[in-house]
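Got a structure here, written out as structure tokens. Questions coming.
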Amino acid sequence: MNPLILTTFFPLVGFVVIAFLGAQQKALIRWVALATSLVTFLLSLWMLAQFQVGPAGFQMNTGKLVWAIAGNAEISAAMGIDGLGLLMVLLTTLLTPIAILSTWESVRERVKGFMLFFLLLETGMIGVFAALDLVLFFLFWEFTLVPMYFLIGMWGGERRVYAAIKFFLYTMAGSVFMLLAIIYMGVQSGTFYLPDLIANRAQFAGVQLWLFLGFAIAFAVKVPMWPLHTWLPDAHVEAPTAGSVILAGVLLKMGTYGFLRFNLPLFPQASVQLAPWIAGLAVIGILYGAIVSYAQHDMKRLVAYSSVSHLGFVMLGIFALNLQGISGAILQMVNHGLSTGALFLIVGMLYERKHTREMEAYGGIWKVVPWMGALMLIVTLSSLGLPGLNGFVGEFTILLGAFGSQAIGSQVLVGVATLGVIFAAVYLLFLFERVFLGGMRHAENANLLDLNWREVAMLLPLLILIFWIGIYPKPFFDLIAPTAQNLVTLVQSAPYSALLGH
Amino acid sequence: MVPASYYLALSAALFVIGILGVLLRRNALVMFMSLELMFNAGNLAFVTFARMFGQLEGQIFVFFVMTVAAAEVAIGLALMVEIFRSKHSINMDEINTLKG
Amino acid sequence: MPGSPIVFFILAIVAIGTALGMLISRNAVYSALLLALNFAAVAMLYLTLGAPFIALSQVTVYAGSIMVLFLFVIMLLGAERLQPAEVLRWQPYVAIPLVVILAADFAYNLFRENTEMLKVAVPSADYGTPAAIGNMLFTRFMLPFEVTAVILLVAVVGAVVLAKPDRPARPRSMERSDNPTPSKPVS
Amino acid sequence: MMQNDILTILPALIVAAWGIVLLVVDLWIPRDRKGITALLAVVGLLVALGVSAVLFPLHTLGFSNMTVLDGFAIYADMIILVSGLLAIGLSYDFIRRIGIDRSEYYVLLLICSSGMILMAHAFDLIVVFLALELLSIPLYVLSGFARPQPASEEASLKYFVLGAFSSAFFLYGVALVYGGTGSTNFAQIIHALTANTLVNPSLFLIGAALLLIGLGFKVSAVPFHMWTPDVYQGAPSSVTAFMSVSVKVAGFAALLRVFVQVFPSLASELTPILWALAALTMIVGNLVALVQTNLKRLLAYSSIAHVGYLLMAFVAYGNAKVVGNATASILFYLVAYGLTSFAAWGVVVAAEQLEGRGLELTDYAGLGRKYPLLGLAMMVAMFSFAGIPPTLGFWGKFYVFQATLQAGSVWLAVIGVVTSIFSAYYYLRVLVVMYMQPGDPTAHPAPWLNLVTGASAAAVVLLAFVPAAVFNLAQQALMWFGV
Amino acid sequence: MLFQGIGAAGGSFSLVPWVVFLPVLGLLLNLLIGKRLGERGVGWIASLAVGAAFAVSALLAFSLMQHPEAVRVPLFDWITVGDFSASWAFRVDTLSVTMMLVVSGVGTLIHIYAAGYMHHDVRHNGEPARYTRFFVYMNLFIAAMMILVSADNYLMLFVGWEGVGLCSYLLIGFWFEKGAGEIANAKAAKKAFIANRIGDFGLLIALFLIFWNFHSLQFDEVFRQAAGAQPWVIRAITLFMLLGVAGKSAQIPLYVWLPDAMAGTTPVSALIHAATMVTAGVYLVTRTHVLYSLDATSQSTVAWVGAATALFAATIAVGQYDIKKVLAYSTISQLGFMVAAVGMGAYVGGMFHLITHAFFKALLFLAAGSVILGMESGQEVAYGHGGHGSSAAHEEFDPQDMRNMGGLRGRMPFTFWVYTIGSLALAGIAPLSGFFSKDEIMVAASQMNPAIFVILLLAVFLTAFYSWRQVSLVFFGSSRTRAAGAASENAPIITVPLIILAVLAVLGGLINFPGVNTLSGWLEHTLGALPEAAFNPLIAGVSLIVALAGIAAAWLSYGRQTATRPNRLDPIENNAAPLFNALAHRWWVDEMYQAVFIRPYQAIANFLAQVVDQGLIDGIVNGAGVVSRAAAQGVRQIQTGFVRSYALMVLLGVVAILTYLIVWRVP
């Protein structure tokens, strides 16, 4: 049995089991969901064990299982994975049990529905990262909207309906253009199988700017790139903690993943041509997200805008179109999932205790919750890119790559992007200071409880990874390297790579 | 000798008068009559063409149209009687509760 | 084309005149009568076109029974006149230009190249006779003929359904359904 | 009469005959056991369905080339018959509950279905016209079946007047086509067109345009759609469910038959018109649905919008290389649309109260929690309508967009996807109300209704995993279609 | 792999990673079992860890004496992407070992001191449980500082660079709930981190430039290729690096964080904000001397920044009342000396001053801490027990304000003596260590740039002036408060490190005593042959006289100060109020930054968040929705409900289609 397929669809086993449980058996449902996601995680580790580090190309490839024929084009159920996909799948399978664990206390209503949607979501997300056929990819891509929509809309905060609809429509508005582009490519080349399309990419070289834009809009919304980001703060703020974790940790990565998986190899010329523009937007996003974060009062909103900034770095790295940039971007995708996921978890823990996310309601609580404060500090530092923690390795590699990127071609621009590290310190320390430092502004906070074992168990894996990647990222870079190298080769080997030269 | 196009022109004229009747008359019955006029205009065109081609199919068609028209009249008049029963009016402009 | 122009023009003028009369008459009864006249005039034209059977059917079915039915309903409902409350004031100002354009379209299409229109096949001896028509109806056109039968049947059933007053005005299950406690599903 | 003649209309014949027999048999069925009538109607439709399945591989003409038997027609038959079956399932409890359970209901439904089937089999404009009337007249009556409710009567009258109005255009179109080609028979028209022996091409063209208008009215393409929301809202919900699916199937069957198979030479003239119709239909349907508060009306506009997507694929028909795929995609879309519609309308039927109450969106608040099955069905339906995977609706959109892009109508496709974003908004709003707003609605789920709704929803999801099965069927159906 | 790498280096050099591992081990031990060990155990472990690191450093130094060439000790790969590679690799050469010795040596003393000091401090602040945390941070700092100085490439250096910044942040904000408005300490910590980050930004850019021009971040590799690089590249690298130096070493314009950093407890100020961390910038320039030597413009820029800082900060120090603030500005000023020195190519002079400054400034801070402890205990005696218990008196009373002191000479004789030694060393009075190191800088300045020489000379005068002003205000005269009158001397754990440091402050000059030049010879192995900084009696005499003049001026102004008017006792304030006001307000630089950078940043942030983001961008998004709905409402109006208008619409469609066909399409 192909471990990839097992991993992808195993959550559905839990889905079926829970579907047959009574809605009142909440504890059992929770445990089943957790067990399912943990087994999925183990399966993904098995997949990692099976994975051969080194060779480029897709492994555990199911091959072209032709599934449907659309006119002249074959739709295949092709799945396969490379280092990039594997990392993303691992991130997904790691964050899902953590997110489920985070709902233990906070989701008391309609537990069954929640877990059903959550497991569906997991399969959808893994599918996105595993699909090798454009149509299959799109199926998973769109499908992830559905459970997330309900997670936000049914278990969210006060403005959950607005946020859920905004999330759904915004994302869908982007992806419909991708659908058109996918179909167009299928029509032109008679296949939706990604490797074949890459091999035949010269066929649609003439219109690749448009195709690139079709894909790019979908991914840019998801990332989200400035100025298409405004759905994100609303979605994050209203989503339940688990939803925010997955949203920030995985769903946003689907956008950057898409750029890497599709835009670069399929439309190299357009990528090179547009790289300065996208890099420009990325830099605006970096600074804008960081500055706007600073003006927030709501912790989740602040973290949400910080995602705009962080993902700006990732985009900058991707469109550096060189090895450092792309490798750093991929690593930073993982990093952001860990750091921001952990941030949302801690914010969620605070919310569970006090039922508000306003920073004003806290202040000085490090005194009463020392462990939470310490972990929050580490996560904050990881997020602001302190060397020795994971965020730095990614950010540095990205900026290094972007700085020397011929595609971006402007060291000044990247220098401006580097200012982001200052602004990141400004808003993240502001957050930490407002919440954890200073005197106790509210006497009732003296009764806040420190982390319990469940919460420690949620944060611990993330912290271990935060340190691991920060100090010894080599295993991760080894996973990334073939993919990144392959992408760079694909972009530069295009017949029009003359554009790249000086 | 009268050219076929004259007949067709007459048919077209009756057709558009029928349209005007539907558009301008509020009385459901008169509106309905205008519809009959339109069908009639179509019939005239059929007979003209049939004569033009020296075929009978056109005339047969007219026969069927008349039958259908009769059926429609039955339904239509029943409907109007029923509506008049409940609304005491057959003014089409008063039947607009469904809109938007 | 058969028939003398004089006959055609007289009939055409009558047809158009009666049609316009129907259109502008305030009284529905007059409209119905004028329409009957119109049908009769058209029936005459059918005769000139070599369609005696159709002409006869026109007179009996249309001008005869259908218009009588109309008149009957008008009288029954007493609905010959309506209150002059015009809701859609702008309707004529849009409708009339549109219709004029449509008429122009038709006219242009007809008279642009009327050479084709002048071609007339020489009809066979039994052209348009009831016998010929009947023959065709029951051979080649048997299926449509049967279909019309079904249509008429449906119309009868439909008319009965729509106009039959014997049903109670209120649905019988109303009380039960309006009961706040959800009723047991009926199967 | 030859055996072939009967074969060509056999499904229609069975259904029509069954309906007439039922009319008579019903007289002997006691008043309190009218359920038997429904059961008999179901049996009739099932028999016809079985016969259709057997006839699927055959291809022949009959009745002096007036009717045709081919896969295309049978494909349409099967949708119509299934739609009839599902409609009966929805109606059974519903019409009893709101007190309109007259047995003529089923008779009219059967005869209406036979008219639709005949439409699919028609190979002569006379038959098309008669089939059109045969399906319309029962629908006029069915729309008004809930008389003396004013809404139902109004719906019936509006449908009737406008239906007759459009029939008149259709009739005039037939006359002009006859004048232009010298025949109303498709075989002869095809011959005349291929031999280029038209009597008068311009008359033919105008006539064809009028045919398009007449059929466009039936499938409710903008701007001939105005009756749709009012009629869909006023008619009893079960009837609306039936006609929102079947009429469109029959209408598109006729459109495809006439334009794709018989008039392909008009493509260059008509394509811009179809383009505009498709664009307008998608835009208006989706836009106006945004602000609807009545669920039936919302679904009515949504159905208009879906016609737009169907027409979008139709635009491709002038392109000889694409037309086969485009036609198949339309056939596929009809199945997707039909099944989805029944899932949605099933919920509406269950939730409708007396006198047309319980249809405002706000009345659905909390429905998803209180009636999980209905909620789930509606969820599936809404996502399918919006084209979100994994539903049949997604594949429907996928295929029509593919056909459109294959034909090179990129901008039309762009309009299509942009309007589909609008559509997602109002579909989501339904779900918002059902799942995310508190409320205590009353619905009347009944066994048959549950079965129909659940089965439709399940089919929408399950078939989405094997889209090829449906699509291959659609392609097989076109084997003799000449595309 | 780990030990393999170590083994490869051979000899005791392979021990070099332990300078990092030992403090890390210490902090982990304290973190895990600190609670069970109690204060004494925690202090021991922390001090031992640093002491052991010192021992390792000393061992390395001995090895280096035999084998003075640089040794690289790679540990393991860190970031390797394509042709970019940076590993965890240590570098043992005379420069790095010098820094290690200073860091771990001074660090050990301060750890010991802190073990005693914090015992009081945590109680004074009412949170005894935080004792362990302090030493965890301190060990972490030593580890980070060791990474900084022992790195073999710029990236690893950067790790230490930011790591010490972090520890600085943590330790400044150690009493995060204290300070003005209960937030001032936290804010000071944030300010330090952000100011450092601004510098780090410059360093990062420099790193990028280095890599893309030399394709390596490894020191030797970079320096090897440096000569071949384009001039603008070198200039850009060195200037961006200067920004980093300005951040870390508190130079103009980024110095503002350091005075606020005094919110940290006194041992922290001594260790981080005087002796070690803040000198990292000097170390960086020295380490990168190959590049700086290639570009005269950036060299002189460095020198000018240093000199300007030296003078500017010295002026401010004159106007401060807070005992630690004076020392803070003094530190900035002295750092200015060092930066000026390395900017003028006097790398040895810079390093020399760095070392001596570490001794005497650590001494001063620790002694100041002793004063503060004495004041606090005096306060408790004077105002009753439980300083935080009688909160009203506690809040009004600032044990660091020199106006509250006076006459402590009698109460704390021992502290007085070490303080005086430190002050004299700072003032550059022969034969204390500060004299020799400062003199080397003055000589270099006189050779390189007379203007800078004059500026530095002014700074020397002011240094002596404010040093003695401080001594006078604190120790001479009579007690101005009851607390000062009741202050008492501290325990040996506090005073023993002071003694050692005082000895070092006195004898530190021997390290590079004129004529012997031990340090020059030692560092030559790393820095290459450098111009000999010859002892110049004239220069030495001039600066000594200037310094003495400063002391004399201070003595005249403050020495006989017996005033009991704590609020208005400064003669400068009495005679030149505007000037003093400017000095006391630190030339309003903070206010200016507030107005020019911080407020506009906040305003821009609010503007972007409210107006642009919610208003404009989201407005467009929501506006699209609103417009669609409005359009929908418009289109909906057509659906009037009238059959006749529906028919009209049908007709409209018919006419449009037919007209289109007739006009354009009829064959």
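For clarity, chains are labelled A, B, C, D and E in written order, and residue numbers in each chain start from 1.
Note that contacts are C-beta pairs under 8 Å (C-beta built on N, C-alpha and C of every residue); 3 or more make two chains touch, one makes a residue touch a chain.
Keep in mind that this is a model prediction, so the values were computed, not measured.
Enquirer: By that same contact rule, can you tell me which chains touch chain A and chain C alike?
Expert: D, E
Enquirer: Taking contact as defined at the start, I'd like the list of chains shared as neighbours by chain C and chain E.
Expert: B, D
Enquirer: Taking each chain's centre as the mean of its C-alpha atoms, which one ends up farthest from the centre of chain D?
Expert: Of all the other chains, the one whose centre lies farthest from chain D is E.
Enquirer: Where centres are the averaged C-alpha coordinates, which chain has the largest centre distance to chain B?
Expert: E
Enquirer: Whose C-alpha centre lies nearest the centre of all protein C-alpha atoms?
Expert: A
Enquirer: Counting only C-beta pairs in contact, which chains form the busiest pair?
Expert: Chain pair with the maximum contact count: B-C.
Enquirer: Roughly how many whole angstrom separate the Cα centroids of chain A and chain E?
Expert: 37
Enquirer: If you average the CA atoms of chain A and of chain B, how far apart do the two points sit, in angstrom?
Expert: From the centre of chain A to the centre of chain B is 65 Å.
Enquirer: Please compute the C-alpha centroid of chain B, do the same for chain E, then give the distance between them in whole Å.
Expert: One centre to the other, that is 96 Å.
Enquirer: Centroid of chain A to centroid of chain D, CA atoms only: how many Å?
Expert: 43
Enquirer: Among the residues of chain C, pick out those that touch two or more other chains and give their numbers.
Expert: Answer for chain C, listing residues that touch two or more other chains: 87-88, 91, 95, 99, 102, 105-106, 109, 112, 117, 141, 144, 148, 151, 154-155, 158, 160, 162.
Enquirer: In chain D, what residues contact two or more other chains?
Expert: As it turns out, chain D has residues touching two or more other chains at 126, 130, 133, 137, 140-141, 144, 147-148, 156-158, 161, 165, 199, 202, 206, 229-230, 425.
Enquirer: Among all the chains shown, which pairs meet the touch rule set out at the top?
Expert: Pairs flagged as touching, ordered by label: A-D, A-E, B-C, B-D, B-E, C-D, C-E, D-E.
Enquirer: Within the complex, which stretch of chain E touches chain A?
Expert: Contacts found on chain E: 76-84, 88, 127, 155, 158-159, 161-163, 166, 169, 173, 176-178, 181-183, 186-187, 189-190, 193-194, 197-198, 200-201, 204-205, 207-209, 211-212, 601-602, 604-606, 608-610, 613, 617-618, 621.
Enquirer: Touching residues of chain C toward chain D in the complex: what are they?
Expert: These residues of chain C touch chain D: 105-106, 109, 112-113, 116-117, 139-144, 147-148, 150-151, 153-155, 157-158, 160-162, 167-174, 177-178, 182-183, 185-187.
Enquirer: Can you check the complex and tell me which residues of chain E touch chain B?
Expert: Those residues of chain E that touch chain B are 636, 639-644, 647-648, 651.
Enquirer: For the complex, which residues does chain C have touching chain B?
Expert: Result: residues 1-5, 8, 12, 15-16, 19-20, 22-23, 28, 31-32, 35, 38-39, 42, 45-46, 48-51, 53-54, 57-58, 61-62, 65-66, 69-70, 73-74, 76-77, 79, 82-83, 85-88, 91-92, 95-96, 99, 102-103, 106-107, 110-111, 114, 117-124, 127-128, 132-133, 136-137, 141, 144-145, 148, 151-152, 154-156, 158-160, 162-163, 165 of chain C touch chain B.
Enquirer: Which of the residues in chain D end up touching chain C in this complex?
Expert: 1, 5, 9, 16, 20, 23, 63-64, 66-67, 93, 96-100, 102, 104, 107-108, 111, 114, 118, 124, 126-127, 130-131, 133-134, 137-138, 140-141, 144-145, 147-148, 156, 199-200, 202-203, 206, 353-354, 442, 444-448
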